[in-house]
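Note that the chains are named A, B, C, D and E in the order they appear, and that numbering of residues resets to 1 at the start of each chain.
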Amino acid sequence: MSPLFIIGFGLIILGTVATAWPSPKDYITRLINLELPAFGILLVMLSFDETLALLTFIAVTSISTFLFVRVIEKREGTP
Amino acid sequence: MIIRKLSGILSNFTNLSRVYAVMVIIVVIAGIASIPSLDYQGDRLYPKTIDRDSPLDPYDRGGIPFESTVVLAEYPENSPYLGYITAYLTPLSLALAAATPHMGTTIVAHPGGIIDEILYATRGLDTVVETTILFVGFAVAAHLFRRREDE
Amino acid sequence: MFDLNIEGAELFALPFGDIVPYFSVYSATLAAFVLIFILIAAFDRPERQLNIIFGGDAFYEKEIKEGDTRFSRFMAIACGFATLGAVLTGDIFNFTLFAVLVGITNIAIVASAGNHHVLNAAFQYGIVAMIATVPLFGAAAIILATTGTLSIWTLAGMGAVPLLAKAMLILGVMGEGIAPLYIGKAEIIRAQGAPFVLMIHFSSLLLFLRVTEIVLVI
Amino acid sequence: MIDTFHIGMFAASLCIIIAFFSFMKETDDLHRLLLTDLASVMALFLIALVGTDLAEALILPGLVVTISKLMALTEIYLVKEGIQRNQPARTLDIEVLQSAPAILASILVLYGIFLSGFSGGAVAGLGVIFYIICKGHQERFELIETVSGYAWVAWIAAFFIILIFPSQWFLAVMIAGGAILIKVTAKLSLIGTMRGESDV
Amino acid sequence: MIEYIIAAMFAGLLLHGIHRKVIARIQGRPGPPIWQEILHTLKFLGKESWIPKTASQGVYVAVVGISIAIWTAALMLLITQESLLLLFALYVLHKIVEHGIGLASGSPYAKFGAIRSVVSAASELPLLSSVALIYLITGSLMLRDIEAYQAINGPLLIVAFPAAVALYLVILSKIHYGPFSIVEAKEIVSGYWTEHFGVWRGLMNAAFGLKTFVLLYTFVVVFIGPIGLPLTLLAILILMITLSFVCAATPMLSPYDSVTVQTLTTGLIAIYIIYLGVFA
């Protein structure tokens, strides 16, 4: 078991808790906390040498972040 | 009465995801006890061989272009040219491999390499479905987006 | 060729590399039904719904826009083919992907509905369909890790698949839409266009039948 | 290896329980939507635990499923809440997004083309998104849609070439790689167009 | 073959008549004569019929054909002793007939019936657990193997009692005037088939007669075993009368209560199956 894996799944658990109960409970905090488990899974993939999946994951995560930011902005915006 | 209460919850569809979450939690909690008895046998198919010194690390599966290499597929008899895609590298990736030992990911991401073998050849139907899902998801978004443009 | 006493004789298999879709008496019957319903969705015109204004004698016909019908029709046909794939495929992961495709096309069929209630139901159902990927892919991953294969052909009759994975598979397909989570789908079905919304119901019934077979076979 | 798998499974179960528990408590629709993204991380974690090449090949469809459902659901959310015409509040008004998109975008696009295949498509698409988002581009949907449609057809053709004429694998791999690159790039760059607010 | 189908159809319609008669007698009414349903069907077949202007024509006609096809195929399966799973699949597909009939016409009453039919999709859930339990006990789902098993070990009714209860519940939810027949409750006129008249109604009546016969016949074949034709018919009659008693004595549940009851039953049987599979 590599240290990368241990740090990775530690981060996933931590990140899950942080996302499940974000401290000021608003959309942006939750969105930012969401990056924690995402980073954890990156480390897990790295420890299994799944680099290609890792790369795609980074791209897809940034896209989904864009989607969320767009919705949140619309929601907070004025008609 | 408990039945009335339950049907009250079920009939409101905004509770749908909540009911589902409860069911998943029940199954997972019941399943935790069985985890230690699970046997790991995942390396029966497409196992990894890591060669840290190879310039193709972590995707070096051996073979030279236009020759085949050993790939453990589920039904080798269904793919007569198994291993050819894995062994193939584009000229650009060959040049990269010769020049630098740090671009393994780039190299395998060119058409050719084990992942492409799985995604395009042995489990190609998966990729067909996957691209279709992307297409449908996109079509929904585009349809709704464009409709409000028209209005 | 596996020959279990569950679904009748094997008729025909169609190898796509590692994924081997197969026709048994059971799945061939289901596939025939799917084809009939695809034809209905492809060529039938939608009904014109009547609404009654209560307290008076008046009633009026709902209007359907041409463009929306085309979109729904296309998605209904796509949903039909997804169902066909889910019924015939011989691979667990491939089956889960088809299930997801069925889920998303179901949302797509009603996405063009202007009705706020229907859209809300579609959204709630979509959320469940989305979190259902956890048990769905989780089941596939556990099966792969514990038995070393995903092919139903190899798994058939081995009894090696852990109960956890089976339960998660059923749960995952449930999330893509079978009872009692059906309530969401029932609300979706209030949308107009009989041949298309019929496909929503039809696809989930077939998913239910297929997952029953898979769980019994593996 | 056995240890890793079991510990990973325990961790994953724990995370699933936590995530779904908070899901159960949540009533706001947008918060739920955010939590589905968390759930998809769990699914990927479970697949990644298998650790073979096959697992890696299964992660890619998993990712695609996530992003396509998110695309559909966010749009439905906007329509259902009736806020699709809202003037967006720039909550994330980051200076970098305004000033240096072009360089970043071109680097991403170039690297994406360099990678090609699905990852390549995703990375290149990301680059185009960056560019369009930050420039507020007005794009016509039809052209990109058509291109990506043809790319999809090309990919299907490649799939059948591999199955029916396996000896032509080289041609098929080239078609498939190129088609999937174009297709994914095109699809993802359209997201940029959507955010580009052509209607405000 | 065709004579079997016709015979089964008339037997089923006769059972419907008996059902109505028994309910009426329990409730202290004289009730219609027992061949009323047969006369009904023959009368409808001779009527003038067309397709409503607002209807979705393909669905409107196709589902009638499909309903006949489904139950004919089911009867064939029983006679040729093929897979039980396939039989149940056909049964589940019957839902789509109800739904299709309801949606096709565009009438709000039929539509309500159809939506209730979708909501009560939970009525198929006991089926899954019942099939699983039978498979766990006999190790096969082919009807001929089940018969062979019963010839050796006695009727399944005793060994697989929960499965029998589940199937009984499923039949109950499909029978007219039952506690679960929310799809044709009187507050929505006749439910999903409000708008089908004339020949269509006649054909559907015939198909539903066939359905009743097939369901009861399946129950007897699967849980009591091969006992010869006269005894089988007697068993079917007795079963039908018990069902009529239940229908006469229970009120109709509200839609979601019926869903909950069916789901809970399934859950209990599923727990029993898991218990059997893990500990026994």
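Just so we're on the same page, contacts are C-beta pairs under 8 Å (C-beta built on N, C-alpha and C of every residue); 3 or more make two chains touch, one makes a residue touch a chain.
The model shown is predicted, which means the values in this text are computed figures rather than measured ones.
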Touching subunit D and also subunit E, the following chains: B, C
Far-end chain from subunit E, centres as C-alpha averages: A
Chain ID, smallest distance between chain and overall C-alpha centroids: C
Approximate Å spacing (C-alpha centroids) for the pair subunit A, subunit B: 19
Centre distance in Å when subunit B and subunit E are each reduced to the mean of their C-alpha atoms: 43
Interchain centroid distance [CA atoms averaged], subunit A/subunit E, Å: 50
Where subunit A and subunit D are represented by their mean Cα positions, the distance between them in whole Å: 14
Subunit D: positions in contact with at least two other chains: 5, 9, 16, 20-21, 23, 32-33, 35, 42, 44, 49-51, 54-56, 58, 60-61, 64-72, 74, 76-79, 84-85, 115, 118-119, 162-163, 194
For subunit B, residues contacting two or more additional chains: 10-11, 17, 21, 24, 31, 35, 38, 40, 42-43, 45, 48, 79, 105, 109, 115, 121, 123-126, 129-130, 133, 136-137, 140, 144
For subunit C, residues that touch 2 or more chains besides their own: 16-17, 93, 97, 100, 104, 107-108, 111, 120, 127, 131, 134, 142, 144-145, 163, 180, 183
All touching chain pairs, where touch follows the definition stated at the start: A-B, A-D, B-C, B-D, B-E, C-D, C-E
Residue ranges of subunit A touching subunit D (in the complex, touch as defined): 1, 5, 9, 12-13, 16-17, 19-21, 27-28, 30-31, 34, 37-38, 41, 44-45, 48, 50, 52-53, 55-57, 59-60, 62-64, 66-79
Sites on subunit C touched by subunit E in the complex: 5-8, 25-26, 29-30, 33, 36-37, 40, 43-52, 61, 163, 178-180, 182-183, 185-186, 189-190, 194-195, 197-198, 201-202, 204-205, 208-209, 212-213, 215-216
Interface residues, subunit B side, partner subunit E - complex: 3-4, 6-8, 10-11
In the complex, subunit E residues that touch subunit C: 54-60, 62, 66, 73, 82-83, 85-86, 89-90, 92-93, 95-96, 99-100, 103-108, 111, 114-115, 118-119, 121-122, 124-125, 128, 131-132, 135, 139-142, 145, 259-260, 263, 274, 277-278
Residue ranges of subunit A touching subunit B (in the complex, touch as defined): 49, 51-52, 55
